[in-house]
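Labels run A, B, C, D and E following the written order; every chain starts at residue 1.
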Amino acid sequence: MSRIGVFVCHCGTNIASVVDPDRLTPAAREMPGVVYAADYRYMCSEPGQQMIKDSISEHGIDRIVIASCSPRMHETTFRKMLKGTSINPYMLEIANIREQCSWVHADKGRATEKAIGLVRMAVSKVSKNEPLYAQSIPITKRALVIGGGIAGIQAALDIADAGHEVVLLEREPSIGGKMAMLDKTFPTLDCSACISTPKMVDVGAHPNIRLMTYCEVESVSGYIGSFEVAIRQKARYVNHDICTGCGLCETKCPVKVDSEFNLGLSKRPAIYKLFPQAVPSKPVIDSESCRMLKDGKCGICAKLCPLGCIDYKDEARTVTESFGAIIMATGYQLVDWAAMYGEYGGGRYRDIISGLQFERTVNAAGPTEGHILRPSDGREPETVVIVKCVGSRDPKKGKSYCSRACCMYAAKHAHQILEKLPGSRVFIFYIDVRTPGKGYEEFYDQTRMDGAVYVRGRISKIYEEDGGLVCQGEDSLLGSQVRVRADMVILETAMEPSQGIEGLTSMLGAARDANNWIQEAHPKLRPVETQVGGVFLAGTCQGPKDIPDTVSQASAAAAKVIGLLNKSEMETSPMISAVERDKCSGCGACVGICPYKAITLQEIDDRLGAKRIKREVASVNSGLCQGCGACTAACRTGALDLLGFRNGQILEEVDALCL
Amino acid sequence: MSDRQEKMRQSAEKLLRDGEVGYVIGWGATRFCDRTTPVFIDSPEGAASLVWNEHAVNSLAKYLLDDKYPDKKIGLFARGCESRAVNRMIKDNQVKRESLYLIGVPCDGKSSDRCRLCRERNPLVYDVLLWEPEANAAPADRFERVRGVEAMSPDERYRYWGGVYDRCIRCYACRNACPVCSCRECYVDMGRTGFQGKQHSRSDNQIFGVTRAFHVGDRCIECGECERACPMGLPIMGQTQKMLKEINELSGEYECGLDADSDSFLGRFDLDDKDEFM
Amino acid sequence: MELKKDRLLEALALLREGSDVALPLPADDGGEPAFRLWDGVQEPFLGSNTSLPPKELLFPRSEGMYGYNLKTGELSDILPEARTAVFGIRPCDVKSIENLDHAFLEKGYVDSYYRARRDGLTTIALGCSEAARTCFCDSMGVAPGDAPGADLMMNDLGDAYSVKANTEKGEAVAKLWEGLLSKGGAKAPAAPACGFSVKADDSLPDRLTARFDDPMWDSLSKACIGCGCCSFICPTCYCFDIGRENRGACGTAFRCWDSCMFSDYSRMAGGHNPRPSKKERLRNRYLHKLAYFSQRYGATLCVGCGRCIDKCPANLDITRVMDMMEGVDANG
Amino acid sequence: MRYSYFPGCSMESTAKSYRLATEYVMGRIGVELVEIEDWNCCGATSAHTLSAAMGLALPARPLAMAELREPGLDIVTGCASCYARLRLSMHKARSDKAAKYLIENVIAMPYEAKREVYSFLDVLSGEEAAAAIKAKVTRRLTGLKAACYYGCLNVRPAEVTGAPDRENPMAMDRIVGLTGAEAVDWAFKTECCGAAHQNDAASVSRPLVWRILKNAQANGAEAVVTACPMCSLNLEMRQGGYRKHTGLPSMPVFSVLELLAVAMGASARQIALEAHHVPAAKALAAALRRSGGGVAI
Amino acid sequence: MSLTEGFEPKIIAFCCNWCTYTGADLAGLNRMKYPENVHVARVPCSGRVNPQFILRAFQKGCDGVMVCGCHPGDCHYSTGNYFTRRRFMLMKRMLEYNGIDPGRFHARWISGSEAAKFRDTVAEVSERLRKLGPNTKYREALREGADAGKGGAGI
């Protein structure tokens, strides 16, 4: 028989003014298994806790009920208190007689009756409690950062600087991401390459960082502290171990295809570096366009290469690596506006370009060497229309959310045009102008001073007429239709999650929100974590962001990872599911229900009479299980049960209430 | 009829003689000519005792659970109902297809009320088919009985089921005959958890009845073995059929055991599921 | 003496003035014929024996045993106060009650709950005039037409029942019925032949127990589905489980029918089960019926009523084991 | 090819040549149009602005009658506005139980919306019809540069019409191509012609027409081809103002059926080309001459 | 006096720790008032609630049962309540089919911020049960410890 102690808290007058301790405490004393009951003004106070501890040893108490405020308030406090006593911290139940009794009921008699009921439920439940012990799981002191954009770069550098090993994985041939494509960054207008390239170089040179470019994640298993990640190294056809990146091969390649980096505004060869400052600064061969790989005819690059780095027989390889933590920094891509906006010509007009294409255009290293020229005829535009929120804030055709960075880079684009093309005119069509950042509003103001004309309204149609682009829309401040004849139109298009995010998140078991961004564990309090332990978020894979926010989040995620990796092992909550193998028939009903993929069927050796057999039973991975208990309700036989909330404990509560 | 019986005997004999299977599960004679009993033939000579007539009523699939880890394949005569049971058992990870040799025997109709809902006389999965498939007879109205109960008032329904469970003797024949009841140990045999009182009372019997329906209802292949096995003749399929009727209404056409891959209703969810708990 | 059939209900009504009366009553809305308390109006079901045995009169499916209070340590007996007369009970079932008496009242232990009910029970038996095809009572030492263990024995004479008191209780009933009885000279027709017969002589128990490890148990049990149907409809199966219903500090202990065919029947506290599969369980049940009980009490526990043969979902037949024992001696 | 046919009010009045051309072409390519008995006005642009019930029920009535009389036939109409109204009722009856209930109560007959509502463009761009057109074109309108004007209601709203590309539809362009004429790429295929507002809001709606014509001409078109009597009317009748306002020449407007009819050999008289406000025959004659057909029309 | 007069129903509410339990705490923090009839049993997730708990509650004497959790899509464990929804849509129908009055079982989504909804739901369910009166269906025959009655005939 258990020896239960019940401790009733007055919480000053918070409880005692409604629930009568003089009735409740004696009533508790009469409950089965209760050997001691007492009340006190503040149980959570030092003297209160001391009183409980003293009573435990004095009365040989082996489990306790505390009738007080919500367990969400002080359960942890009292568990900590029990650590110094003879009883296990989980031999505790809390009867919530404040938030769910004294504060919500006025009738003292009935409230006291209810409190007695609540204490009885807790007493009954605690009689079935069992000691639970937190498990320690070892931490592999190594982090994987997926995505080599500025978020991934920043996170990798921070973790590496703290002394932990990092693998930075990028699916393109070079790190750098979107930031490397930008010309200048708002609001300070410093050159994007000037501030990101040094970081890229740091990454390449950091002793704690292993760069894995042109790689993709193939599968992920394991859990916080010990993930096993299979990484596929795509075939490069260039031996990077000996290649010096001299660039000779690129010059003579006869193939010319659209450059990804310049977004189709220029051509690149089949053997190429993504861009001149690429890290690693070594080329790869694009197997889809290389003549040698396609038809077996050419081989010029191999002949040219002084070191014999070219290997047309190169194949993709998969390596499996262990990590203690993973940072997702997979970034964004721009929506395919041409497919969404037929009224803008659906991609038929060459002089309508995206903001990112404009970045390449205005960049000194870009296809026009920084001259702002129309793609169609290479003339300098006189009138430029900038359309904001293309695909953003447009639930009907595009995304319902705001892409956050466009207001500012639209202002930057206007500024750059007005600066580089004196006498030109810029019209910016907007829904709202959002400038909530340091120096942002000032920058926007300056742009207007520069001469950008802000027109509040959406562009409803763009058509080509007489060699120009007529932008037709509404000026909602004037309440009238306006038409602007432009030489070039820049669409500031919406961000959306990078292609491939679905596969990656489902491998990790991380959730995505309604717009496919990766879901943070809590929007306010755990913004850089996912609901999967050990998987963190940096940058735009979580939602649209500008560079300062991206970098901040990357450092925050890195801090979380450093905190985790600084420990050699980690305690997990012991209130998780447990399998009674004897009862388990291995039907697998629980496997599909677990949101964390924590349950697998495992083959065990068993005996059936004299016969040795192998049979499958459910097995809970204590690193992955978060203790939701959904599996237990699916287990018909009750082989799965949730420690701390066992079937038997909950049924005891039910029974006790019904007395 | 006897021609088919002969084919079955020959098939079993050959399988046993060739060592293809360890034993064959079929039907054999009893003291009474209008009853058969499941038999387990483990020698070629024994095949001569196999029987096939309109009284070969019992579904044989459940016996596979008695020997989940056989050294050799088990030969099983499979009609539509046995094959649907096997599909479900495979999905529930209870048997392995490769440890079975399914001898397909299209059913020519049996003298049992359990067959009234039969919609598939022909085995859906088999290794060999001993004779041509049979035309399926039009089954009884699948949910007629359920609708009958639904038409009652709540109190009438309670009286109806109370009456049923007053007569239940808790022998668990329904459970033990059911091919999808596959727990190593049934929750009712674990009194200590507290889910199921052991008293033979209306209340405990009712709870057993509803729980049983909930445990098997979304996997029920509608073979009718539970009702056939019930020594008290209780209309307990009214519970499992209700589950199926509701599932059909909530998620569209739903039938179990037609293949070995489909998840059961309670084992998955749909973001667009009806929501009435707002 | 005889009782005209058209006076039967009157006679039962007289009985009902002093005690409860249980009768075989027909299936109401789809159930099975069984012994139930008579409401004074219904016609008894006398065409054949009931599907459910009369053992519930003495050994209810569930019964309270005692109440307790954990805080005070108080205990209180729940002893039944039942006076019941049962009419229409067949010779096989009368024999089954004799067996239950052995089990509950002899060998140094008296079960007070059973005792209380047994003392209050008057058995008025009715000889069989027709046998079901599953009947084999005469092979098991029961005469279908006579039940010497009944308090009052009646037989169907066509338009009347012969009435013969065997005990004091029986005589009291006869006296109660005095005004309804007439002198009758008709002789009861010869008892019917059973559906089939088996050989179950005195050596059967020893011959069976010698076969404890015989592979025949495997083949006998293969088709068994492991339900408790046979135990629960058997007139002599008397196993029970004891449980408690707690209500806070107070509670009630109860006992309820249990079956040795269930896995948890023989499971020990630590989880070990000495009868892990249906083979061991079926063997135990058969041996208890046909050997162990005889060895302990000198009476075969099976009374040949045939209920289990009729109702088994897998059509198992307990007499097959007796057939298999033919020609097998106790030394193997 | 057999359809229940909803002509719509314009066909009986302003769109005479459209009607005659329809009869001419459909007869030749083997499309049988079974006029819906006792059809009524679809409600056009006004009914639904006055009452939602009326807006749904008016078009539903002829549809219901068509399904009753000719349950095997889909319904076709030659007017974009009628098409939009009919199709909306069909769509609502299928997707919205309350709307179906409302419709059936107003029209006092069941309407199951089992059959599709098609426009002439749908019908003519079908494979079978296109093949028949190819076979029946006897003289080619070579070099006639035509801007295919769909108007709003043949394509919008997309969830009702099911149009694959509401900004740049191509069905009419392909049909026009069959006659040997050249459909130009232009930007105003689905702009609004102002519809009935040409009557009550001239200052707003006149420029709509002007812009359409201007863009057509800017892209090299010599004629506009329509699939709606109302669009045709608006584009033709406002050309006086267009000339004055822009200084550009006026341009002929044909229905796609007229173009087909001529290509199939119809004479100007047969399809009453003289009924056009902007002289129409000349452009066609020029094209025919270019093709070497040389046949006067 | 009618059966239901002065009757106070006994209600158990299985509430998920992250949403409804928090919402109930918030109701307290805001000093909202609701009837005393409801006793909350805390579970980590509404997906933890086994339908058999509900049967047990009715058997042991609850007059009403509530299962409350996060709104679909907001589950702390991401998908638990989708299973809750399926299970209890079926369970509710099974209970009603077996004669339990529809007013006796309620599943509701109540978030951590919906304190008012918790209060209103409790008030509404209490009121409904007050009108329905004590539940007798599925209830075990009461034997009160030492006061248990005497057994009669075995049948």
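Miscellaneous remarks
FYI, a contact is a pair of C-beta atoms (placed from the backbone, for glycine too) under 8 Å apart; a residue touches a chain by one contact, two chains touch by 3 or more.
Every value quoted in this text rests on a predicted model; they were computed, and no experiment measured them.
Any chain touching subunit B that also touches subunit D appears here: A.
Between A-C and A-B, more C-beta contact pairs join the chains of A-B. Centre-to-centre spacing of subunit D and subunit E amounts to 63 Å, using the average Cα coordinate of each chain. Distance between subunit B and subunit E, defined via averaged C-alpha coordinates, is recorded as 34 Å.
Chain centres here are Cα means. That of subunit B falls 32 Å from that of subunit C. A straight line joining the Cα centres of subunit C and subunit E is 44 Å long.
Among the residues of subunit B, those in touch with two or more other chains are 185, 187, 190, 194-195, 197, 199, 201, 266. Annotation for subunit C: residues 61, 245, 247, 249, 277 touch two or more other chains. Across the complex, subunit E meets subunit B through its residues 50-52, 55-56, 59, 72-73, 79, 82-83, 85-91, 93-102, 107-109, 137-141. Remark: subunit B residues 146, 149-150, 154-162, 187, 194-195, 197, 199, 201-204, 206-207, 210-211, 213-214, 217-218, 239, 242-243, 246-247, 250, 265-266, 269-271, 273-278 touch subunit E in the complex.
Taken in their complex, subunit C has these residues touching subunit B: 29-32, 51-52, 61-62, 133, 196, 219, 222-223, 225-229, 231-233, 241, 243, 245, 254, 256-259, 262-264, 267, 277-278, 309, 311, 313-317, 319.
Contact residues on subunit D toward subunit A in their complex (touch as defined above): 165-168, 185-188, 191, 214-215, 218-219. On the side of subunit B, the complex with subunit A involves touching residues 68-69, 92-94, 182-187, 190, 192-195, 215, 263-264, 266-268.
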